[in-house]
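Listed after this line are the structures, all set down as structure tokens.
Two complexes are shown next, each including subunit A; its partner changes from subunit B in the first to subunit C in the second.
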Partner chain A sequence: MTTADPAPVRRKTLRKRLTDSRAVQLIILTIGVFILWGIISAVIERPDRYLPSPLTTLISSADLLEKGVLISFYSDTLTRLVIGSIVGLLMGIPFGLILGLNRTIADMFYPLMNFFQSVSGIAIFPIIVIWFGNSSTTVMIVILYTSFFPIAFNVLSGVRSVPMRYISAARTMGASRFQIIRDVLLPGAMPSVAIGSRLSIGFAWRAVIAGEMLAGQAGLGNMIFAGQELDNTAQIILGMALIGFTWILLDHFLLRPLESDTIERWGLVTR
Partner chain B sequence: MTGEAKLIVQGLSHHYPDEYTGESVHALDNIDLKIYENEFVAIVGPSGCGKTTFLNIIAGLLPYREGRAMVDGVDIKGPGPDRGVVFQEHAILPWRTVSRNIGHGLELRRTPKAETQRRVQEYVDLVGLSGFEDRYPHELSGGMKQRVAVARTLCADPVIMLMDEPFAAVDAQTRITLQDELNRVVMATEKTILFITHSVEEAAFLGDRCIVFSRRPGRIKSEIKIDIPRAERQWKDMVNNSKFTDARDEILGLVRSEVTSNDDG
Partner chain C sequence: MTALTDFSISIQRRFGRQRLRKFILGLIPFALLIGLWELNTAFVWFDPVEIPPIADVWEAIFWLQSDCPGFMAAVDGHNSCQLSNNILSSIGRVILATVVGVPLGIGFGILAGMNRTISAYLEPIGVFMNSVSGIAWIPLAVVWFGVGWETTLFIMLNTIFWLLFFNTMMGVRAVPKVLVQGVQTLGGSHLDAIRQVYLPGAMPSIITGGRMAMGFGWRALIAAEMIGGDSGLGFMIFVSASEFKTEEVFLGVILISIIFLATDRWILVPLEKWTIERWGLVWKPT
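On to the complex of A and B.
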């Protein structure tokens, strides 16, 4: 009985050591990228046109910050992402759940879902523009549409993949259908919910940039696009960097903690 | 055996369509069985003899049409908390801690928190998991997981505990420990138990009565009483107990003749 005791303790310190070294790795990597970027920028001709140096990009961002556009673009984009993907998840999770629980409904809707899944967010863009014009609403609808399918499909398969013995065990303890959903199917589907959310938010993040470019809505996507027209390469790079950086923050402060508190804690996935 | 029959099975037969061919498979044939209060009945038989099918019917997980099965005089119509099941594979929930798994049955019945906590602690202690209350199943060994499963079933206080080869998936050394512990737990809780196993030794060691199933269609081939007080059933003593070794050898002979006749057919 005491044999299992020391193992988790040792694992914890090992994990801590791992994260510590990861932080170090990340810093080294970042510095490396900046140095490489600076060197390339220094050796090429017309760096302002092709690859402005890190410093030039920083000055350009200070300039945009001063004008107040950077913050307003950034918050516009983030607002669209948050609203679009949250509505997408809030629709996709229950929909996937209902389909996962009821085979008849699932069989009925599956072809339709499969059809629309293949029609990408960009492909529906023109018709949404016709319906809602070049507006922020259009961008958000595209985000919602894009984030809906990965989460719905993943929840559907997640519910179905819950081992039968867990359901049987709950039934033999007298669990009602609702109790089985709450205590067994929902937590059992969590690994898929996590994967689906990651995919959905990731797709939504791409869609928001593309959407802003196409619909000409103020935001990061538009900023990058405008950078090209204005011959302001620093602005393009700044926009790209912000996109990537935002995703890393989202991942680190939202998605990862969500996963480590649930599916990793339960031993359903190992990292 | 005196006292009240907790489980009564009369003329139970079962057919099911084969998954691939669709042909009707005759799994159980005319089973008659009574299990009395505080009795430990072990069913042993060759693999594919229908013993798990039988347990699933009693558990209410498998509907039946031919014959009757009753618990406390009430016909079995589906699963219910009066019959607790310990499954072969680990069926405790990975997202619940040890104590929340053990208290799950009470929680489902909306037992007051204080009462649940008290009972959970009682069964945690009984199966020797003190100090592991807040661990998740993946942090436990295979033997400890099955202890949780047994405690979870007992904590819900079923009329009869059904055990489907619960120790088949653990290593031999752990199995012996778990068998000894199960005896101690059964003595302490005075539970009525139906135990399915393919291990003759396990059946003879644990059962007050051993039922030997024939090969498919499963029917009761014979019944052996093993009159050894539970307090004396410990592996260190049992290996030298002639009542145990005689019973084991007799059951072994019966099971072996089934397996052999299976080969002939």
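On to the complex of A and C.
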């Protein structure tokens, strides 16, 4: 008997390898989108009004950068997001925890929270404007309102998901109520806290944009809104691109890793 | 006394002790809130412009409908039926966006889920589109379509389509290849595979996506009506707020959440439960 043929090595052609790589696909896609965008804007009438070419948009961004407005808008929006989501989380986590610890309180407040969660932040916006006027306070309240519920609900279900036997075990060994909360319930709820935080910050981001638009406070949301009123479509598209990319970067490089790390570290309870 | 005890026992038997307890406990904060609201009317801690009396909010319904010549006219969308017109136009947009957006989203989602190449190019676009939240599209939509129907419809469609697309794609991808190959071995065509395997397999994920799309879409629709609409509940509360008719704003906000809660509770949640029960073999909760 001759030795068996070595298993055929599957060799991909260079072309196939190139088109299979995600990076290359992404580059092709980006170039394709820009070319399509350029063609459409060249074909339609009055491109400046309806769809300015990529070049025009780029020039307008240089213009805004030069005036220093772009950076100040950007930092305004980010500051709002950071402050809003931190305060929202600081309010939502303890609230969810209290609800998770006590079944009676949870049963009491759950329907109320459910109702207010379905009243979206955007819908109560007009009421907040009547109360506080078109100010930064209004935007901040809308951000806090929208970011509060997802985190509170997630912490609640996280605390609930800790198996009873862990609590019983700690209690058998003489742990106090405080120790049970600190050593069992909190670590057990950690993955839900991480998931809820990401959700909350996502909601906060939408609220920031909407709030700035409606209350006319300086920022990216207002930048695109002003772009519409000033007939400056390039500014709108630039703002939208910034909004999209900021969220993708934030989500991909900060929130997602944070979430998966937390789940890895504390995730024995779920999964 | 015995009659009362009997009554209480029979109610407890009928609804179950736990559920009854939950229900009553849940009612307490609502009752407190409404009580506080009423007290505010009596003692005027806050101006009626800031927090209108409950009676005024209730009366706003009739005040807004006062010139309406009757039920049939309200259904027809008579000009003077302000409240019912706004409600109908909001709901109409939801229905229209659902009718157009759902088949499109599912169709493209199945295509992208079945074909790696298509998904490689559509997925990044989807990620970007979902990141530019529906609300951020409003100014551009206003430039393109002007203030009115098209803008609000576009915003809602945009939100629904991408969410459904994504969820369908994920659902189709999660369908085990073995099942598809099984169908193909038995001589099934591509269409058979879609109809018999991919679609049912992805169904639970699609419905979950649909629920999400409704949640986000409804919010986006309200925002779009505020900025770029000329009718609808969002438009109504925005205009009323600028005229400081707070009772109309409260009424609108309450209606917006009731409509959302009702569709979610009575249509989408049962649908979700039913599909997961019916087709949930393939789908595993993430």
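Heads up, the rule we're going with is that the second predicted complex is superposed on the first by the 213 of 271 C-alpha atoms of A that agree within 3 Å, B and C clash if a C-alpha of one lies under 4 Å from a C-alpha of the other, contacts with A are read in each partner's own complex, and residues count from 1 in each chain.
Operating definition for what follows: a residue touches a chain if its C-beta (ideal position, glycine included) is under 8 Å from a C-beta of that chain, and two chains touch if they have at least 3 such contacts.
All figures in this text were calculated on a predicted structure; none of them were measured in a lab.
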Which superposed partner A:165 touches (first subunit B, second subunit C, both, neither): first
Partner chain(s) touched by A:266 [first = subunit B, second = subunit C, both, neither]: first
Which of subunit B and subunit C A:124 touches, first, second, both or neither: second
Which partner, subunit B or subunit C, touches more subunit A residues: C
First (subunit B), second (subunit C), both or neither touched by A:90: neither
Touched partner set for A:40, first subunit B, second subunit C, both or neither: neither
Partner chain in contact with A:173 - subunit B first, subunit C second, else both or neither: first
Which superposed partner A:187 touches (first subunit B, second subunit C, both, neither): first
Subunit A residues contacted in one complex by subunit B, in the other by subunit C: none
Complex contacts: residues of subunit B adjacent to subunit A: 59-61, 78-81, 83-85, 87, 89, 91-95, 104-105, 108-109, 128-129, 132, 135-141, 144, 152, 156
Interface residues, subunit A side, partner subunit C - complex: 19, 22, 25-26, 28-29, 32-33, 49-50, 104, 107-112, 115, 118-120, 122-127, 129-131, 205-206, 209-210, 213-214, 221, 224-225, 227-228, 231, 233, 236-237, 239-241, 243-245, 247-248, 251
Residue ranges of subunit C in contact with subunit A within the complex: 21-22, 25-30, 33, 49-50, 117, 120-121, 124-125, 127-129, 131-133, 135-140, 142-144, 218-219, 222-223, 226-227, 234, 237-238, 240-241, 244, 246, 249-250, 252-253, 256-257, 260-261, 264
Contact set on subunit A toward subunit B in their complex: 1, 3-4, 7-8, 165-166, 168-176, 179, 183-184, 187-188, 190, 262, 265-268
